[in-house]
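Okay, got some structures for you below.
The two complexes that follow have subunit A in common; it is paired with subunit B in the first and with subunit C in the second.
Presenting the complex of A and B:
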């Protein structure tokens, strides 16, 4: 049985997801020691070639899988510390992971998720078709998270996180990803039923809804991937040296920062720009 | 050996508690196995049963109305016609078979009162919004909505004797034992908690079990991010022709204590009557 990792990346005008996917792939490969495939589109590949990243991508990735550039659905506001910028959200074709993954068992990760230990290897042994990330855990304190980081709406189900998703090639997984696609394609309708905001498409919401439906509309008694340790996009990646990520954490989201560092725990870095900026040197060595 | 459920109803100006009890009895008949589906009703006016299409769902009817409001429940041990009884609140609904758990209680307990309840989303309730006096006075968090007891039990007799006393003299007991936070009314839950505390039997009559799981639909303990007057202001309660209940996005499989009395409409009663007749 083959096991591997899958990363999606579609560049936009503001964020170089291609670079991020290389960084994410580097750490995932180093720590999980599994092959990694990339799902991307031709324009992102063209950019990789232009910016001299493609040869690195060929070395890091087991397979580079081409997909049509996803349909633009909405913009998303991201922070880079105190600064704000708007990006088109293109990462809405995750439902195709089942079809595109070349592996029997796949760990699907966000390109801003950095794997710094081998703990997730243990989860490949679990016999459950789809395993989602259970929740997120703020690197500082859960007080920085909102209700809608924990539930998809005020009255509905718990938010599960598609930042990490482990799945096999079973029929149940296929149904699950078909259902994620159905939720995506009928997002407004599902938003009425589950009372979440339809304004911005979120993979986390679609995956959470699909899981709840698959589980018969009752709270799931299932395995989950570990809670996802997260730095918010208001936090800043200060440096990356000697395998240590050092962050400026915005304590109360009012630009009161303190330093903290991570070296052995998997970390979800929501400030994409600072992740790209601070790992340039690492990229040069790949 | 006899086992059965017991429901108390009393005439009320604006709420038809008999209708609620009838709905609960229908749901018990529709979901519990034979031998575990008997229901006894304690009512202050027996003649009201004539209005029901299927009053036979009450296997025993006891006319009794000596106490006002819900205080009569303190007499459940005296009034129950069963050897083993589960006394329920009338505004509850059974949605699947729980008979096997009853065997556990009969074999292992003389008196059992749950200390947990759940939101409609399946979360255990820790919020003490409605139970400040329990927290302040360090009382056991007992829920009288599902009370199992054995008729021939010294433990149950002693417990309910004290509960009756507390019910008859609530001020005296609350002045003495609930000084840190006095509830407006010493209800059945408070009386149970006080009695178990005074007798020092809390650990014997209330401990962690997987059953009963009772969904308690009081609005302020549903973990909504805002205050709520009614759960139905925020989520729908959908009762279908199979007798299944969905609340919001959640299929309900456990016992639901729906609290909002107007949930038990004639239409919902009709749906359950259809099922019971089949």
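Presenting the complex of A and C:
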């Protein structure tokens, strides 16, 4: 049985997802010791070639899988510490992971998820076709999270996280990913049923809805991947040295910063720009 | 008063960094004590270790069914081998936890805590 990791990346004018996917792949490969494949589009490949990243990508990735550039659905406002910027959201084709993954068992991860230990290897041994991330956990304190980080709406089901998804090539997985696609294609309709906001497409919502439906519309006892330790996009990655990520954590989201460091726990870094800026030196060595 | 207030704030900052670091170590230890086996997922803790020891003392060593952390039945073909694995993992994890914990106990400033 083959096991591997899958990362999606589609560049836009603001965020260099190509660089991020290389960083993420580097740590995932180093710590989980599994092959990694990249799903991307031709324009991102062209950018990798222009910016001398393609040879690194060829070294780091087991396979580079081309997909048509996803159609634009909405913009998303992201922070880089106190600064704000708007990006087009293109990461909406994750339902294709089942079809595209070359592995029998696949760990699908976000390109801003950095794997710093081998704990996720234990979850490859579980017999459950699809395993989602259970929840997120704020690096500072869960009081910075809102209700909508825990539930998909004020009156609906629990939010599961598509930042990490482990799946196999079973029929149940295929049905699950087909259902995610149906939710994506009928997002407005499902938003009326499940009472979530349709304004911004979110993979986490589609995956949560699909899981709930597949569970028979009830909360079921399932295995989940560990809570996703997260730094918010208001936080700033201060430095990356000696395999240690040091963050300026915006305590109360009012620019009162607090320092902390991570070196052996997996971490979801939502401030994508600072992740790219601070890991430039590492990229040079890849 | 300003000086004492500043010192108190500095200490509060140190204390928070220390408690975050302790929380990180605790979670890291929990993660290391997660053990995937034969389709199930076990949390290696003192209860599991004791129960396995008890079963072995009663000579229930082959084809034993254990409930995992989700109360799912999992077949353990060789319980002695399973015991050896969970003990290895338990001690390597808690030893590391202990060492890290000792290190941060000695650090008396935010900078030193972050250096570790």
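One rule holds for everything that comes next: the second predicted complex is superposed on the first by the 286 of 286 C-alpha atoms of A that agree within 3 Å, B and C clash if a C-alpha of one lies under 4 Å from a C-alpha of the other, contacts with A are read in each partner's own complex, and residues count from 1 in each chain.
Here is the rule we use: a residue touches a chain if its C-beta (ideal position, glycine included) is under 8 Å from a C-beta of that chain, and two chains touch if they have at least 3 such contacts.
Keep in mind that this is a model prediction, so the values were computed, not measured.
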| item | value |
| --- | --- |
| Touched partner set for A:216, first subunit B, second subunit C, both or neither | first |
| Which of subunit B and subunit C A:201 touches, first, second, both or neither | neither |
| Contacts of A:54 with subunit B and subunit C, given as first, second, both or neither | neither |
| Partner chain(s) touched by A:124 [first = subunit B, second = subunit C, both, neither] | second |
| Between subunit B and subunit C, more extensive residue contact with subunit A | C |
| Which of subunit B and subunit C A:257 touches, first, second, both or neither | neither |
| Partner chain(s) touched by A:156 [first = subunit B, second = subunit C, both, neither] | first |
| Where subunit A meets both subunit C and subunit B, residue numbers | none |
| Contact footprint of subunit A on subunit B as seen in their complex | 121-123, 224-226, 234-235, 246, 248-251, 253 |
| Of all residues in subunit A, those that touch subunit C in their complex | 117, 119, 121-127, 139-140, 221-223, 226, 229, 246, 258-262, 264-265 |
| For the subunit C and subunit A complex, residues of the former touching the latter | 13, 16-17, 20-21, 24, 27-28, 31-32, 34-41, 70-71, 110, 114 |
| Subunit A residues touching subunit B - in the complex, by the definition given at the top | 147, 154-158, 193-195, 212, 216-219 |
